[in-house]
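Questions regarding the structure given below will be posed in turn.
Chain naming follows the written order as A, B and C, and within any one chain the residues start at number 1.
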Amino acid sequence: MDYLTEMMDCVRSKHPLVHHITNYVTVNDCANICICSGGSPVMTDEMKDIIDMSSFANAVVLNMGTLNVRTVESMMYAGKIAKDNNVPVIFDPVGAGATRYRNDVAEMIIKKVKPEVIKGNSGEISFLAGIQGGVRGVDAVGKSDVGELISSLAEKLGCIVASTGEVDYVSDGKEVYELKNGDPMQGNVSGTGCMLSSVIGSYVGANGVKKESVISAITAFNVAAEHAAKDCKGPGSFKVGLFDSLFNLRSEDLPKEAKIRRL
Amino acid sequence: MDYLTEMMDCVRSKHPLVHHITNYVTVNDCANICICSGGSPVMTDEMKDIIDMSSFANAVVLNMGTLNVRTVESMMYAGKIAKDNNVPVIFDPVGAGATRYRNDVAEMIIKKVKPEVIKGNSGEISFLAGIQGGVRGVDAVGKSDVGELISSLAEKLGCIVASTGEVDYVSDGKEVYELKNGDPMQGNVSGTGCMLSSVIGSYVGANGVKKESVISAITAFNVAAEHAAKDCKGPGSFKVGLFDSLFNLRSEDLPKEAKIRRL
Amino acid sequence: MDYLTEMMDCVRSKHPLVHHITNYVTVNDCANICICSGGSPVMTDEMKDIIDMSSFANAVVLNMGTLNVRTVESMMYAGKIAKDNNVPVIFDPVGAGATRYRNDVAEMIIKKVKPEVIKGNSGEISFLAGIQGGVRGVDAVGKSDVGELISSLAEKLGCIVASTGEVDYVSDGKEVYELKNGDPMQGNVSGTGCMLSSVIGSYVGANGVKKESVISAITAFNVAAEHAAKDCKGPGSFKVGLFDSLFNLRSEDLPKEAKIRRL
């Protein structure tokens, strides 16, 4: 588990530039958690701006939380520019499974952009797995074992897949890891999922496209959440503490606190 | 006043889905306060997404704080979809009275969407009352008794009207209630009005379109504000505490702390 | 330095209306810091709304942090309406130097809107100085003395220029002031630069277009940051404390804490 320490140190020394096209609900929290993780966030969704921004970023995060026709076009374009410049793309399919438009956009981004990392909650990931398997709808896959599900999705898409929930899972299509850090209070704050995608952006941007980068990002974020939960009085002070805790987390403590298991 | 306890419990057990088309200034606070009230917020303003989202929501909140031509169209459409599916609409006419465009949009939404609940500050509501009475401009009605004003507005429009300020008023066109909870510190935080509309969305979504739902929402929010104001050092810590306080508020305490009077 | 006290008191008694067209990342913090400084923020970027809003505002803040084709048009229009009504314009060229589109927009706003105040970080201001001198690119000017740089930029453009960083500089083209308040923690929070532009909007809106207004705004904000940094545990609690501190700052203490030097 020593890679946890190394990867955290690497983010903090490299300050990777993470270009986000994300939603307007949680964007400020994404920017701030990105900074607290060691990254350097930039947000822009204008086509004329993306051509430069996505080309020199260290990672691009596409989050479809408040997608619209204009920003979906921007995401597709940012994905293309990123690919052309070997910049890894992290995709957060917020709300996939909830509306037909979101389903279509998620499918299109996965097929055409081919993100290096897909991170969603268990419902979203189950839905994507259902699409990929030819079965539309969460019900058909909802009761499957999540570990197997994301492993086969990752293999099929040739990318890293992370599924979050009470327990988190990460797979590169070959191995599956189960991550058990975190606190239920995360469910009481809007955008903790979006924030995690930004942290993954920092870690992948600094450490490269590896399952270890994604595992380290999730573990750092969730350990910070555990620390924040200890001192908080509710969702408001928890969120404030989450920024502080991730900022202050000592990289040498991370391996001791990590709850990571290969399945 | 036992309905206060029951309604708060109901929101917390049903977790109503509250679809927002709201402004980008305060949207994160709206999402978080909606969660802290017991609701489940979702934000989307894309036409292609609304057709599904507004149809299965438990309430739709339309807030014109940062309106633009595209999102006004989205609001009109979300209102129509909501109506077609018996989903109640809460309308917050932010800035009505300040610019001609806002006046026109507010008038259009009221006439065409026919919201179940209209919630604004006293200036906005006075302005709307002026429109409805054929008199444009706040001055003509500013000195009237607010209780009477909102009662006649509610009666004319066939909806529930809430006016907020130092004292809040709620009327369904038959009765008028005066609500005196709250703290002046609310005036030092951007978006407390928007946040209240989201809480009303949760309460109406869970408890139905009744004046009691709106009264309970306002009272819960304002009692939480009183608690937060006690421990805060200024507007920053007050806002953090507001989330914590609403989340922690005990439903059985609400009737004791409520300052509600029928006029 | 007595003007520091007077200007702070003036903002707090006049509550100037500050119309923002700003970015969606930091807009909520801008609104709240504007309130905490004594101002009254309003955000709108719809052309149909701007015609009224920018005409009766006390100051207009244009921030191109998340610029897009639509909002750039809105900024140009708001600038024109402001000029026609003698409303001062504060321009924050976020990201100038980073992409060609941002460079073009910044140049266009400066040439056509002719802002009364330009405030950027040292990189952005250096870039603008490079443009104005006919040399594109930061490198050519990066090693120059910042004081001289902004003085000649301010003189050429006939406006007040402020450059922020470890040390801040303000010039009206005649005199240059060096400001040394502030705390490194400001660099760990997204949007402290945007927030400062909003505070400048409040001070210029209340006190008029003078170098003293800009110096007072920066000093008030940075002294508040010093207070907040003393008690914080990290970037999250620092930001919360920044709102509280600016709100609570005593105007009579400001001259004692100010670190202002004429160069």
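Simple rule for what comes next: a residue touches a chain if its C-beta (ideal position, glycine included) is under 8 Å from a C-beta of that chain, and two chains touch if they have at least 3 such contacts.
Small disclaimer: the values here were computed from a predicted structure and weren't measured.
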item: Category of the chain touch graph - line, ring, star, complete, other; value: complete
item: Same-residue or different-residue interface between chain A and chain B, half as cut-off; value: different
item: Chain A-chain B separation of Cα centroids, rounded to whole Å; value: 33
item: Touching two or more other chains - residues of chain B; value: 24, 28, 239-240
item: Contacting residues of chain A [partner chain C, same complex]; value: 24, 27-28, 31-32, 34-36, 41-46, 48-49, 51-53, 70, 239-245, 247-248
item: Complex interface listing, chain A residues touching chain B; value: 23-26, 28-29, 65-69, 95, 98-102, 188-191, 232-237, 239-240
